[in-house]
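What follows is chain A paired twice: with chain B in the first complex and chain C in the second.
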Partner chain A sequence: MAVGTDLARDLAGIVGDDHVRIDEGALTAYSRDATPLFHARPQAVVLPGSTEEVAAVLRYATAHGIPVVPRGAGSNLCAGTVPLSGGIVLVLTRLDKLLEISSEELLARAQTGVTTATLASAAAAKGLLYAPDPGSHTVSTIGGNVATCAGGLRGLKYGVTRNYVLGLEAVLPTGEIIRTGGRLWKDVAGYDLTRLLTGSEGTLAVITEATVALLPAPAETGTGVAYFDTLADASRAVTAVIAAGVVPATLEFLDRKCIQAVEEFAGLGLRKDAGALLLFGDDGSADNVEDNLARIGNICQANGALEVTLAENVARAEALLAARRCSLPALSRLGSLTILEDATVPRHRMAAMVDRIDRIADQYDLRIATFGHAGDGNLHPTCVLDPDDDEGADRAHLAFAEIFAAAIELDGTITGEHGVGAAKLPYLTDRLGDDQVALLRRIKKAFDPAGILNPGKLGS
Partner chain B sequence: MAVGTDLARDLAGIVGDDHVRIDEGALTAYSRDATPLFHARPQAVVLPGSTEEVAAVLRYATAHGIPVVPRGAGSNLCAGTVPLSGGIVLVLTRLDKLLEISSEELLARAQTGVTTATLASAAAAKGLLYAPDPGSHTVSTIGGNVATCAGGLRGLKYGVTRNYVLGLEAVLPTGEIIRTGGRLWKDVAGYDLTRLLTGSEGTLAVITEATVALLPAPAETGTGVAYFDTLADASRAVTAVIAAGVVPATLEFLDRKCIQAVEEFAGLGLRKDAGALLLFGDDGSADNVEDNLARIGNICQANGALEVTLAENVARAEALLAARRCSLPALSRLGSLTILEDATVPRHRMAAMVDRIDRIADQYDLRIATFGHAGDGNLHPTCVLDPDDDEGADRAHLAFAEIFAAAIELDGTITGEHGVGAAKLPYLTDRLGDDQVALLRRIKKAFDPAGILNPGKLGS
Partner chain C sequence: MTDHDTVDHTGPCGCSSGSECAGGVCGPAPAAPSLPGRPAGQGRGIFDKELLDRCISCGFCLPACPTYALTGQEPSSPRGRITLMRALEAGDLAPDDPTLAEESSFCLGCRACETVCPAGVEYGQLLEQWRDHQWSGRNRPWIARTLMMLVSRPGLLRLQGLVRRHARGPGEKAGPRPAAPAPSSGEPPQQPVSLMLGCVERGLYPRVSRAVQRLCPEADVPAAQGCCGALHAHNGDSATGGKLARRLGEQLPGTILTTAGGCAAHLAHHLGRDRVRELSQYLDEKGHRPAGQVMVDGRRARAALQDSCHLRNGLGVTRPPRELIAAVADYVELPSAGKCCGAAGTYSMLRPADSKKVLDPKLSEVEAADVDYVVAVNPGCLRQLEQGLRRARSRAKAIHLAEFLALAAQPEPGRPGPAPRADGPKEP
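Up next, the complex of A and B:
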């Protein structure tokens, strides 16, 4: 390929000509990630082939004050990998070796660019479970999952990415390679940099390798569905399930607007008269799964469910889960610009929060439907717009500012699992306060004195 | 009480005369924590009654460059709360309100000085489990548990303190009060300060309140014991249990020297001819507990166990657990100076590590027995000495340096759950490398520009 600038020539000297791109196609493609409305053009796209090359690129960038935006699959929804200040997009997908799956130590070790699904499949082949399962898992990388502390459908029972990261190899913006944590569950030697880097969104260091904990795969899984007249009923059922001492692996919901969109899109035979659909699932020994699903079903019925169905087999369970999986594509079809957010509240406040979302949507004359993780209060209000409707986008912006404020007011947060990135940075001070944001900036400076790593995001 | 210095007068102006102590008794008592051989005299002991008083003390200390050592029960074993540079010992035990136990949200919220056992009992009364169970739980405080990322016997199945901390209130050395995290499992707004403060050993901020996650209490628990000829056999059995997909709640071991010391001390009827004792336990539904214990027993037998016994009732289970609980007192009786360490290695390397420990003990002519958490490779080699034997203490020092080096060589760490404090700071660079230690220092400075908080510990 043609390398036309000093920057590209210098970078090619590190990673080789074939792994630096400054062509129009690449610069355009890497101007965006999966987040609508945000884009900014980099000067070069670099694909290093080793940790040492990552270190050399970072040393070069620090020396020359050039911004560097680390990026895995770019599937994030918070504009976390949009190169706001130009510079280099550092694409880590060539670091794609799955290094180890250990049944003995219940862990996996992988280079940063291995997709989460690849890691999870390799673990499954040995009878092991990698528990975090973000919606993007087939394309997203393990490094990206760590950098964003990715969540997923199993958060309630299994926790999120941070609960599984044991150790990291990472490169500081100044080029030093560090190894944090290791292969142990118990290790308190030093500040917990493993967890500090988890969720740091590429602003503190570039993660090049991760060691993650695995679990023995559960013997059985089971799924059921319940319909309710109102989301308030569904929310009460969820609270009652937890209060009864059942912590199911999956507890997802769709609101009325989602149910209708999904049914119109996929014709799954969902009840369009229902105000809420609750999808529940558990895993473990066959007896426990059966017991827990029956208990959840009974609790739903005691809390006014219109109908409860337990899937009698795997195929039927897949059909039920399809309703949840279809939510985003079904909503996206309604307008080609889809803004997917993830305000989160304590689970017993879910219905109150969705009520606030609905009122805000009406006030701003927007189509916002909400689905999400009922078990951990992680809501995904989704606004669908015509991409040419600039005025609609402005209204959506104002509406989401109110939605985030409502979440904070209800003891919640502006982002449960998608991250802050550029999209939620304007709301961070509302959540954390001035003193904590000032502290984040000082921590950022301790890692990145020249401020080259992912500028305009966390810590900026 | 008499307040005889300017420092004491100034501090009394913040917390009141009754809560500042400069008398000989107090200064002597707070010269030490539970760690042998380390002591240093503070100038004043201060017991604040509110977060605001903590903030005022810290602002005063930063303004005057006076060291402050935050302290809960002082039960740590790494000299983490010894006031090496004098100054103020900030005792947090008056902040002892248990603020909330929520069955609905599965969480507890407590001021920092609440003991772990108080919190756990209050949770148990509502049918809930606070999973971390450090050996010190009846005296240690929840704030101290968070500050040290305390572990315990249930680490393998349930993880350690970091896996349960949802949110913190903390005071920066410069006096700002911050609230990190909150009431949610999923919250990625900002760097993960909640986990960064967890295990920061009072060097970054003073924790004044913690919100921790609870679980539904398991319906049943069960316990069994297996004897082996050698620890290598026991270690193989542990590896086989995990490889069979069983992750028991408890998996503890005693080596030959521990078994003998415990039996001589407590006369529990342990087999003194055995080279290793493995104590295993699980919790959950009655069926699962029964199944898992039977499977573990069978795996032990297949791996050469001399004898396997499953406790038929709670009283018998308690008797079995007594062997583990007696280990430290039984060893302490052999010499009144007891140095209890916690080098940690991947679990399949436990036998190799204990072998190394035994050879090092022989080489330095020391009595070192080892017990610990076989499930997570967290070993507690324990050296017993005559306190007047200065030369023996020197040899112990050299021996432990070799033990830590051996742990690092075996992919392990210098401390699994006790912390770095002053005791393990000399070995930290061996574990983390120069670049990472330099980074810890920069992070420390981001929190504590004047370097007043617990100097001579992590980040110094």
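Up next, the complex of A and C:
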């Protein structure tokens, strides 16, 4: 592969021999991320060690018209880092310095490749909280979190990644290094490029550093669980809780199929006769937490809960949280091709949406169980298949198209927190409409005139 | 686009395990013709399909992997390696691909990835199958070949018998002991316990087995016992590894007591967990209260533990060794106590430079923790720590748990020892 060899030589000239891979094995390993059914080999994998090296690689790629796919840990679920058009996979994990945690300014500054958990525990060590907690926080990078605007379990009370990004350092595809925002909570000088880059999925610029807001860490956390006959009951209880002025830090649910899968897998003693399990939790001062949990419990009972349990200690709370944590492992054992989506609807329409999902699953003869974030209507319908079941995968494809359409019909969206990537690009126009999609393309063109950054994704 | 995920374990020869004929009959043969346009569902038969399918590629294993920590590159992560295995199985990579060869060898086989895997991937099993393919026949590193020959040839076994007698302690007679007397407390009679004399202990650390006999006088030490086969399973011959484990299961009656976490995990896999106890596990279950304490310069010693990867990650045993150490010394948890020390079976011999890179941060931790002893529960780790601490000119000493407990029970020279307890171990 003469092209490959030239490419490797040129790239090695920028980042050094040790940080360029063109062997078939490495290209295979970087051909996919955490998304099933999507893979494509790049021509080279490059691991730059500095922002300047990122800029040099991008200038080179723009000059030669070579696609570049920025990648953090590759834990995304939207095929956002699959190099569909080949080219260079730009792995940013070497940029892994935690630059600063400031108790005085309540902020942290980190290079793009620092993992979310590293940042969060460094903040915790100073009595501070980095609130966004995506499920993959032990492996995901801050840069990846910003690029996908990652959510998490605490979305309702604390918001998502975009609510915490104060400033970014990023490299444009043409090689310029820009710094957007900064250390200020108030700053309206210019278009809000920080927010534009947040969730841009590596299609506009390569994020190399982020400054994020921190909060004082809450003193206490508490957890409880409620069972309901139906998800509609649970959904009504959630609405009533929030209407009563309580905004819990955690409000997670499992549907009937999920409860059964988790119980069969982990034997946690969950009620298998229940149609929905609602896990609720709050944090704050000890009195406040106790008070809020009691109120949530009462409201659940008033809305027909079969049973309400409050965790009296940390160990018990952990046991309750295990049910939620076990959801994906339990489902993945039913069929190791696990398609995990995140259609999202307004909170009060959650039960209606799960009902639609169940009907669509029946119609296509698929096993789709749903768990997710009840507080913000962010559902995770999860389809499990045998990996050899190509025909089943085709049916799943059709079913998810209907699920996304149903979400839009219920004033929802095709993705709440996973991102569009390649996986949901076909549904984007349904959600945004032609005019917005055209605008996205013009924005993309302004940032990336040669169209090298993550082609086949947002803005393409 | 599902060809990564559609693999089948049946090779062209119809073999299903792959361990016997991988690389021989059904390994390389189908590679070249089947590369493009290969019918879906056809695999090379190297891997157990069900095991390989389990991985959902979430990447949660990345932070747990010591080799990913060294390179930061996906091919040296568990997820990346499984992607490589799938490409090998599916025919998307040539069987002699250099990255496959390198990564199957670079992996420590510590199985730390298994403990964080939400999908329950049995990575250790996959690695055995991978090495069966990569290290078949002459592709096996010569050091591994030599070691495997040493422990499995009848003539050499006889030679080892001499060493074994040494390990079995002075005055021990060959042949089974009379059954342990029934406990006086009216409990049901216990299963006989047989001490396994691991290959490494026999050669390098016979004192470890002797210490166990002082701690557990009820254990039999059958003279006729072979290798458990972990060495084979981890070095590309899992079929022999299984065979040796089963044979040892026949040679050692009752509960097999071992001082090697690696052997314990391998035997438990083939014989069932009920048959096997690693020393700390065994002492913990029988309610053993260690006697005495380990003193250094007239004060209680400070001691850290190095977990055995397969004991921790394979069998989930972490509490018992810590509690036993804490009973006789001031226990200090090293930040990386649960992470591989780089010994990893034959790894320290096959890849000494990488092995050292894995170990080095731990040596700095030992210095920072200012401990007197680093306690190991596997002879490979013991050897690795001994060499590393010597190289670092550390004042800390590596010691096996059995010796450490025996040392505690021994009065310090020149000082009156603690009063021996009625149930305490007998002194030699």
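Things to note:
In this section, the second predicted complex is superposed on the first by the 456 of 460 C-alpha atoms of A that agree within 3 Å, B and C clash if a C-alpha of one lies under 4 Å from a C-alpha of the other, contacts with A are read in each partner's own complex, and residues count from 1 in each chain.
In the analysis below, a contact is a pair of C-beta atoms (placed from the backbone, for glycine too) under 8 Å apart; a residue touches a chain by one contact, two chains touch by 3 or more.
Computed from a predicted structure; not experimentally measured.
Contacts of A:L47 after superposition on the shared chain: chain C is touched, whereas chain B is not.
In the superposition on chain A, A:S31 makes contact with chain C only, not with chain B. Looking at the shared chain after the overlay, A:T93 reaches chain C, while chain B stays out of its contact range. In the superposition on chain A, no contact is made by A:S235 with either chain B or chain C.
Once the two complexes are overlaid on the shared chain, A:Q111 sits clear of chain B and of chain C alike.
Put chain B and chain C next to each other and count what each touches on chain A; the higher total goes to B.
Within the superposed three-chain model, A:G419 lies in touch with chain B and out of touch with chain C [touch as defined at top]. When both complexes are aligned on chain A by C-alpha atoms, no chain A residue touches chain B in the first and chain C in the second. By the touch rule above, chain A contacts chain C in their complex via residues 21, 23-26, 28-39, 45, 47, 73-75, 91, 93-94, 115, 117, 136, 138-139, 328-329, 332-333, 336-338, 387-388, 390, 393. Residues 103-106, 127, 148-149, 151, 155-156, 159-160, 162-163, 172, 176-180, 182-193, 195-196, 198-200, 204, 215-217, 239, 242-243, 245-247, 284-285, 287-288, 291, 344-348, 373, 376-378, 411-420, 424, 428, 431-433, 435-437, 439-440, 442-443, 445-447, 458-459 of chain B are the ones that touch chain A when the two sit in their complex. Across the complex, chain C meets chain A through its residues 1-2, 4-8, 40-41, 53-60, 62-63, 72-75, 80-81, 83-84, 87, 92-94, 97-100, 102-103, 116, 118-120.
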